[in-house]
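Inspection log for the structure reproduced underneath, given as structure tokens.
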């Protein structure tokens, strides 16, 4: 594999980690209320983010993300400062303008649909996007991501059913990021099968279990999967085993938890194979650590949303509505 | 197979059919508003009804039925007149007191839980009943039935997940009555697989596809399945292919539709094998036809529920409730 | 005269032909049935879905986010309750993304009682719907409005819930749609035949586009003494009551709200200022009822303008509507109830 | 002083020990976590479920129909909206079966804003819940009531929704539970340690059974000029407002409803007759709000007894509560809003 690409994997994984650690620290320092994210999932996220056909509209991939996909955003080139704005809920947050949680992105220029907390709903939305893509003859794929526990929500099954209607199969890449945990509930307390992706088999969806902690293997498998979906217009499921290194969210304390660290593992490999020296790798960490801190310092200067912005975007202006057509208001306030 | 049993199959299937045809006629004669039922499913229903461990409470089988299971009730010995009361929505209807549709039974003496129209919800309720049974060391099984189209509702997946939690498997018999149609939607417009029961396979649930139009084969397969569930305390799924002979419901006209008639087929067999003469079989039809008509005539004399019964059973009396404790009322009526 | 089902079908045809709609879908919406009430017969873009309300609404949301203007149906509004979370997401998408992802879609669904639908086919939804911030909610009471409101719903760039009073589905309008063919011709042109429909194709009359704006009520009957505000099937119950009242010398003004969210407060307010007496009538259950919101607005704005205590008439707060006619009738307001309430208001303070 | 989380835990312990409860379940309700707010730590019958609200409520319904008195949890009430159909079925089971299949179960869930929960962890549910005919709905505002109401909920043979104001979860009570150990002892006895809990077992103090009846409000503060009716977290906002008002010479009577369905109309009515001024305060969105129902009841019964226009103060009708503090504060009533409304009422008609 290309040396530059390998170093790019490393760079983006470290960038993501530095950003996550900064956001975790922001909870402790009172710069944000709640953190949720993906330390331990950097490898598969970076591998996917680099291969997304990114852009706005039906010709590009649609992304229905989980809340642990910050690594994808970094790989797609979204500035590191923006997740920090989301985390601090400033008016400058380009995703939600201070409305939603960290990790809950929405970014139209890259077809990142709003990440919603209610687990699993993205799987039921994916078929609509993919149907539009397929009908338009687009090469875009709808990429939908969710955790192992969340596959028990109804929409996971809906996604399988709607993606495989006979003769109307849809170009959806399903990605399960299996860290074998819900918040605190172990996978083996819930699931009769080892691989959630087995559930896709009766639907005739090709499935593949991968080591999501290996950026190179992930990159190859995801590349192949994306290529297959683009070519066939049919669904594919990747089941990636990943780590959860800092607990579920800031609500569960964000202490380091046991689990394989994909970055440490990859660094060992890069050093062993003579791609980089420990010092070079360490410098990457330091650079992004500093960048994240500087970003926070800038964000601290940015304003919070003004209270009156509450009503903004409740409705889009409408030419056929005589009451809320131009402006939405609270009828009980008598305006 | 025992001759008496074979004649009993026939007798109960014909009884069921006569009842269904009477209820269909009731819509046309203005004796009822809406019919839905199971002509074409008599074989598998009678075969199952005869093998239910019937009674009230946790020691007996719990029945979470579809709306096409009148044949089961007949096989269980519920008087033919009672479904007619339900159909006519009289105050004497022992299932709902004039509140719900035909086919929507609720009958506590036999653990028949309320049949609810929202498709599929029974699959999500089954695990609770089965858990109670298993914990009590009961030999009871929770039997849950649904159609092919309805398996796309979320609760079908919930049922599979909750029935197979590792180490906590539950004694549930899943029965799919596959007539390959939703109301008008063909199975092959929806499902990627031929047998819906394939979806149970990744969960490790044993599945078996049966000819639901054959009472003998159904009886044997269901008997074996029930015995397995009682013995192992684990779930099992039967996928029975059945006919839908008079359309979906009275809303779709109740004309005879193409499809194999399990009764005609069985009668041919009984005659061919010398178990009965055509005349004997015809007499069974006539007897039940007359019985059903007489039942309707009696039911016509029975009252409709009084308007004030509307509020009855909204709440069970409660010793800890100071407002609705003894009696429920409409607060807006100022009482 | 077109029925409401026909009028909606004509509007949907217009939407797929002229307004860029490419998907009209739901359970049994496509061929051969064309909807359990025949609303979608013969439409080019109508298709059948799995029996999965969540999938229907989710797919509509996906299509909407891809700019496709989907129209989906929930077969009966009684079956929407497993998807309220998705409706909330559809309603919050623009807001949550600070305007990046609006959700232009129409969800249509038959609602209300009046066809002996019993507990699972008689449900009303307006109070629930009005709580779904981010959605607009409309309900026509006659075919011509059904047409105009559907076009408005399709045109509006927000999610619009289009509730169809199921008991009015086959009722003919009093007013013709513009350029509507005569009844028999229309039927021959656009109603699917009974039996085999394999070869059948509709012939569409050219109905010109017209819009019934969202948020515009209609004063169906002018009056001086009491204002009766309603919509959907209940509007006709109120109109019947108004006729009875007329004979007793009580002049009722009857307002068809048409839009539930947003609602035309100006028209209501003007009427209240004229009559000093108002009643809000709907058939949804009456603990936390949409009429109670209108009452609250009335109290907020006109507490000191009222000549009599304002009223809300709603359905009985029980878990369902019973099948027996005795039960159904006792569960929702009847014209007699409306008449009595108006009489009481007239006698109050005299 | 026990926190609300501790009080509920003690009640649940009592329920599993003395009242026949055998299942307390939900996402992360069992070991090791014992609930995201720690409510179910150390309980013998607490267990973890799949991440599937529909399965949780469905299973509770099955257990209830088998006579097991289940207590289930929806982790945040924000996540209940994919299961409203099931709640409706639970609410109609007794009615639909003419009394054959009652549904004795408790569903508990954290509700409301106040912890910077943003759009998906700040939702209120009281208006939705009040529409679920067949359910009772309660919400405590302090630990001692939390205990008594939980026992009542378990004892009641109907489905009871037990809403927990999440912002009060860790707030200590002012009143001790009967025979409550001192704070430190209690903590050492029943709070799970941080870190490894593999070996940990709680030691349960013997709290005697006591019931806070359903349908009984509590006049938390007597007053003469204006009645303020609230519940849950908002009760404290109202009490704070009452103190400010006191300094201005306005004497506010503050009523904690405790039960939302059924509610204690007698207590409200008596207060209204005394003060002639009433306001209903809650944080749920205010188009079709539970307070509007109480207002309607007030108008029905006391239209001619009021000295000033009655008020409803609710949350802003937007699709969610924003994360930024500026947005959250502007979205739900603050004590200043309550104070201002009371002042306005006092000045009206003078």
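Lettered A, B, C and D in written order, each chain numbered from 1.
Everything that follows uses one rule, which is that a contact is a pair of C-beta atoms (placed from the backbone, for glycine too) under 8 Å apart; a residue touches a chain by one contact, two chains touch by 3 or more.
What you see is a predicted model, and the numbers here were worked out from it, not measured in a lab.
Asker: Among the chains, which one keeps its Cα centre farthest from the Cα centre of subunit B?
Answerer: Farthest by centroid: A.
Asker: Express in whole angstrom the distance between the two chain centres, defined as the mean CA positions of subunit A and subunit C.
Answerer: 39
Asker: What's the distance between the Cα centroids of subunit B and subunit C, rounded to whole Å?
Answerer: Those two chain centres are 35 Å apart.
Asker: Among all residues of subunit A, which ones touch two or more of the remaining chains?
Answerer: 96, 99-100, 116, 118, 152, 154-155, 158, 161, 165, 189-190, 314, 331-332
Asker: If a residue has to touch 2 or more other chains to count, which residues of subunit D qualify?
Answerer: In subunit D, the residues touching two or more other chains are 50, 52, 54-55, 79, 81-82, 85-86, 95-96, 119, 133-134, 287, 296, 300, 312, 317-320.
Asker: If each chain is a node and each touching pair an edge, is that a line, ring, star, complete or other?
Answerer: If you draw each chain as a dot and join those that touch, every dot ends up joined to every other.
Asker: Give the list of subunit A residues in touch with subunit B in this complex.
Answerer: Within the complex, subunit A touches subunit B at residues 152, 154-158, 161, 164-166, 188-193, 198-199, 201-204.
Asker: Which residues of subunit A touch subunit C once you look at their complex with the stated criterion?
Answerer: 57-58, 62, 95-97, 99-100, 106-108, 113-114, 116, 118, 121, 123-133, 135, 142, 154-155, 158, 161-162, 165, 312-325, 331-332, 334
Asker: Show me the residue ranges of subunit D that touch subunit A in the complex, using the header's touch definition.
Answerer: 27-28, 30, 32-33, 36, 48-55, 78-79, 81-82, 116-121, 194, 286-287, 312, 314, 316-320, 322-327, 329-331
Asker: Of all residues in subunit C, which touch subunit D in the complex?
Answerer: Counting only subunit C, the residues touching subunit D are 54, 79, 81-86, 88, 91-92, 95-96, 119, 127-128, 130-131, 133-134, 261, 285, 287-290, 292-293, 295-296, 299-300, 303-304, 309-310, 312, 317-320.
Asker: Can you check the complex and tell me which residues of subunit C touch subunit A?
Answerer: Touching subunit A: residues 22-23, 49-50, 52, 54-55, 57-68, 70, 82, 85-86, 89, 93-102, 104, 133-134, 136, 152, 155-158, 211, 213-216, 259, 262-265, 296-297, 300-301 of subunit C.
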